[in-house]
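First subunit A sits with subunit B, and in the next complex the same chain sits with subunit C.
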Partner chain A sequence: MTPSDAASAEKWNLRLYTAGQSPKSLAALANLKRVCEEHLAGRYSIEVVDLLKNPRLAKDDQIVAIPTLVRKLPEPLRRLVGDLSNTERTLVGLQLRPRQ
Partner chain B sequence: MQQQSFEQELELLRERLQEAEEMHRAISHGEVDAFVVGPGGDGRVLLLANAYQRYRQLVERMQQGAVTATPDGQVLFSNQRFADMLGVPIPQLYTAPLESYVGIGDRARLSSFLMLSARNSQIEVELSRRDGTSLPVRISIASFADGYATLLVTDMRPVHWPSLAVDALDSIRSSVEKLNHNLAGSGPAREALRDISEDINRLARMIDEMLDVEAMRGPRSKGNP
Partner chain C sequence: MKMEHPAHARALPKAPTGIEGLDEITGGGLPKGRPTLVCGGPGCGKTLLATEFLVRGATQFGEPGAFISFEETGEELAQNVRSLGFDLDALVAEKKLAIDHVRVERAEIEETGEYDLEGLFLRLGFAIDSVGAKRIVLDTIESLFGGFTNEGLLRSELRRLFRWLKDRGVTAVITGERGERSFTRQGLEEYVSDCVILLDHRVNEQVSTRRIRIVKYRGTTHGTNEYPFLIDEDGFSVLPLSGLQLDHAVSNERVSSGVPDLDEMLDGKGYFRGSSILVSGTAGTGKTSFAAHFAQETARRGERCLYLAFEESPQQLIRNMQSIGLNLEPFVKKGVVKIHSSRPTLHGLEMHLVQIHKMVAQLDPAAVVIDPVSNFIDTSTAIETQAMLLRLIDFLKGKRITALFTHLTSGGSATEATYVGVSSLIDTWLLLRDIETGHERIRGLYVLKSRGMPHSKEIREFLITPRGVQLKTMKDRKK
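The block that comes next holds the complex of A and B.
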């Protein structure tokens, strides 16, 4: 089964760790939303965790840099650090596209 | 069996290396603007300088004064609006005692307020402006961290009456000048008089509205609500 096949069948549960309205946090959320709408429409949920409000939550997913996206489902857990501005890298990181 | 264990461990290490490389790439490409630092669950978020820009612009442009002060009342930060309220340049405010910019009768209350500051508390005081006038303001705590209180200072004067009243008076003055200029002819003079009449009525309505607003605002109370 290719990554695309897998993506077409599963519910995606994504968690984005942000730092308030920092520019990179806002960019990451916008980029993530766009990628999800294009590749996972109707099959994804995004949980935004603002670490400025709750820094202790960083421990749950061992977050060091912000923004960081964590793919909770489908397993295995994957982490993507950064503003997700490189769509190709984001798709590969989420395993929506095979690594070249 | 041992071979399989080694392979699993190797795969795990590969994934961790890949994550570390990915994080290094994101940081070196400027794709992050905050870090979590601190041991275990006591992490704190440190924002890089550019991440503050949005908040800074908001604070600098808002119509409320913003001041950060130490518990003993030394000013560490002021936005332009607060400096304008006092009529002094911002650099003059740095490390100055905030008390020195309020009326003598309000100083003890302000001092106590800063020492005991807590979220959602507020007081009303008179600011002493450089030109000798005073300005009624409400001071509230916006945040309190590391021993420093960030205060929001709101001008308590009725918002509209000065500019509206001045506009109305200017309009009357303009109408009177028009009347003087056109008095020779009966038609224009009548028009000018009608303008004056309308302006007077408008002014009267505004005064009524102002009185309603003042009645709703009620008498200004001092001290903690």
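The block that comes next holds the complex of A and C.
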């Protein structure tokens, strides 16, 4: 049984922090959508927060690196930094796959 | 004790820190619009220095500030400095200060690909813009190295950050933990080339001393010495020690010693104003009595006197002196005489020096008594003591303050060998000693030296009576 099976009923609430339309931000969003479609189809929502438009949120949500992905639900809160190009680490970070 | 400002130093704009002494040794403050690195070991006062820089900037120089803390939360910061009378919450409420606590913890961060620190830049920008900050503190940015693994990226981002700070034109203080081989663990000095300040906290024979040194200050002549500094209820203060000057204004005015018989031995007029007087003798010879006479006499003339008592509490001193007919209490109540007691071992020598500086600045006395100065000597090495006394005497002379030191000698042949070699610094030296004459021991006083006046070479017997010290010539005795 994988962790994703155990959590199959849960709703996933993900928030991606970006700074404008930078290549890294765009790559992160594309990578995130791909991972979600593969593992969480039909039960995820992605909110993209552009910190250039709302810099206050960088402080409020403790963002340092860009892009940063925050898994708000299911709990506990998880943080991933980077453009999510390393799928293996992305899955581990989201706890969709156990750490090797 | 003002430092000379060379012409080219004026060309470089400075942001005054408002911290006592620091602006003097930096020739006016930190490089304006540029980053300064403040480094030192744990507990050396980096954060406090940085905080005071912002607080004084906001309150005294109309320059709002931003505090980016990587270690402590805003509440913790506010709490740390509340005892110094700095109210960070009020400054935040008045929009003179922005605080952002940047938390980075590796355990919470999974790195999944390429990233940069744009989020941090946005936060700095937001903090600066929210209050119109002219000053910023990053304390301590090295924490980033604990949160992220990609060191190459961190270094290039740091380089970008320092360039960004310069472009924004904010005067920045970056703190860094002292490394083993470099000024900071992560070599931040590589990025900050304008000004580097090193703080140090040493404990020597259980006495702690804090020191500050300007390691580097581009385009400015600065003091390269180590300067002692103090952290007390008023915050940070640095004691600027100028080179030794012998160009003090010299006074021909005379001040009474408070003992008429002694004045008579000193050319009938007493000490020179602004001179240094040493009263030395073995235990129980009456040194404090001479010191108290002088203090009372100073006060009676309506001049203020600072009396530093290192062996007795103020009450004890007042009571003991009452027994010989000296009443200091009314003068203490009026504030003309200030008696300050402390244990000499409580601080290092230089901390005492900083404190004396501060008290002199507050009271503006005409005379200072240090009773006894020998206790300082016990807390450190002879070289340090001599250097410190030199500085102290230099400082007091510069202010035309008459200084009287008592010194406890250990008796025997060492009596005259006031071992720290302070003799050359002293203008008038009184020696008190027990003299055995045939079948009794009497107290004798003589003037070992007194510069600039024909003084008595006689040995006088002195008596401590309920009406004060009285001197008798030996000839009187024989009659």
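The working rule: the second predicted complex is superposed on the first by the 96 of 100 C-alpha atoms of A that agree within 3 Å, B and C clash if a C-alpha of one lies under 4 Å from a C-alpha of the other, contacts with A are read in each partner's own complex, and residues count from 1 in each chain.
Just so it is clear, a residue touches a chain if its C-beta (ideal position, glycine included) is under 8 Å from a C-beta of that chain, and two chains touch if they have at least 3 such contacts.
Just so it is clear, the model here is predicted, and its values are computed rather than measured.
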Once subunit A from each complex is brought into register, does subunit C clash with subunit B or fit beside it? clash
Counting residues of subunit A touched by each of subunit B and subunit C, the higher count belongs to C
First, second, both or neither for A:Leu80, with subunit B first and subunit C second: both
Scan A:Gln21 for contacts with subunit B and subunit C and give back first, second, both or neither. first
First (subunit B), second (subunit C), both or neither: which does A:Ala58 touch? both
Touch check for A:Val92: first (subunit B), second (subunit C), both, or neither? second
Given the touch rule stated above, what does A:Gly42 touch, subunit B (first), subunit C (second), both, or neither? neither
Identified clashing stretch of subunit C versus subunit B [9-17, 81-89 or 99-107]: 99-107
Would you tell me the residues on subunit A in contact with subunit B in one complex that are also in contact with subunit C in the other? 19, 22, 24, 51-52, 55-56, 58-59, 63-68, 79-83, 85, 93
Would you mind writing out the residues of subunit A in touch with subunit B in their complex? 19-25, 51-52, 55-56, 58-59, 63-68, 79-83, 85, 93
Subunit C to subunit A touching residues, read off their complex: 100, 102-104, 108-120, 122-123, 125-127, 144, 147-148
Which of the residues in subunit A end up touching subunit C in this complex? 17, 19, 22, 24, 27-28, 31, 51-52, 55-56, 58-59, 62-69, 78-86, 89-90, 92-93
Applying the document's contact rule, which stretches of subunit B touch subunit A when the two form their complex? 19, 22-23, 25-27, 29, 31-36, 38, 40-45, 47, 50-51, 53-55
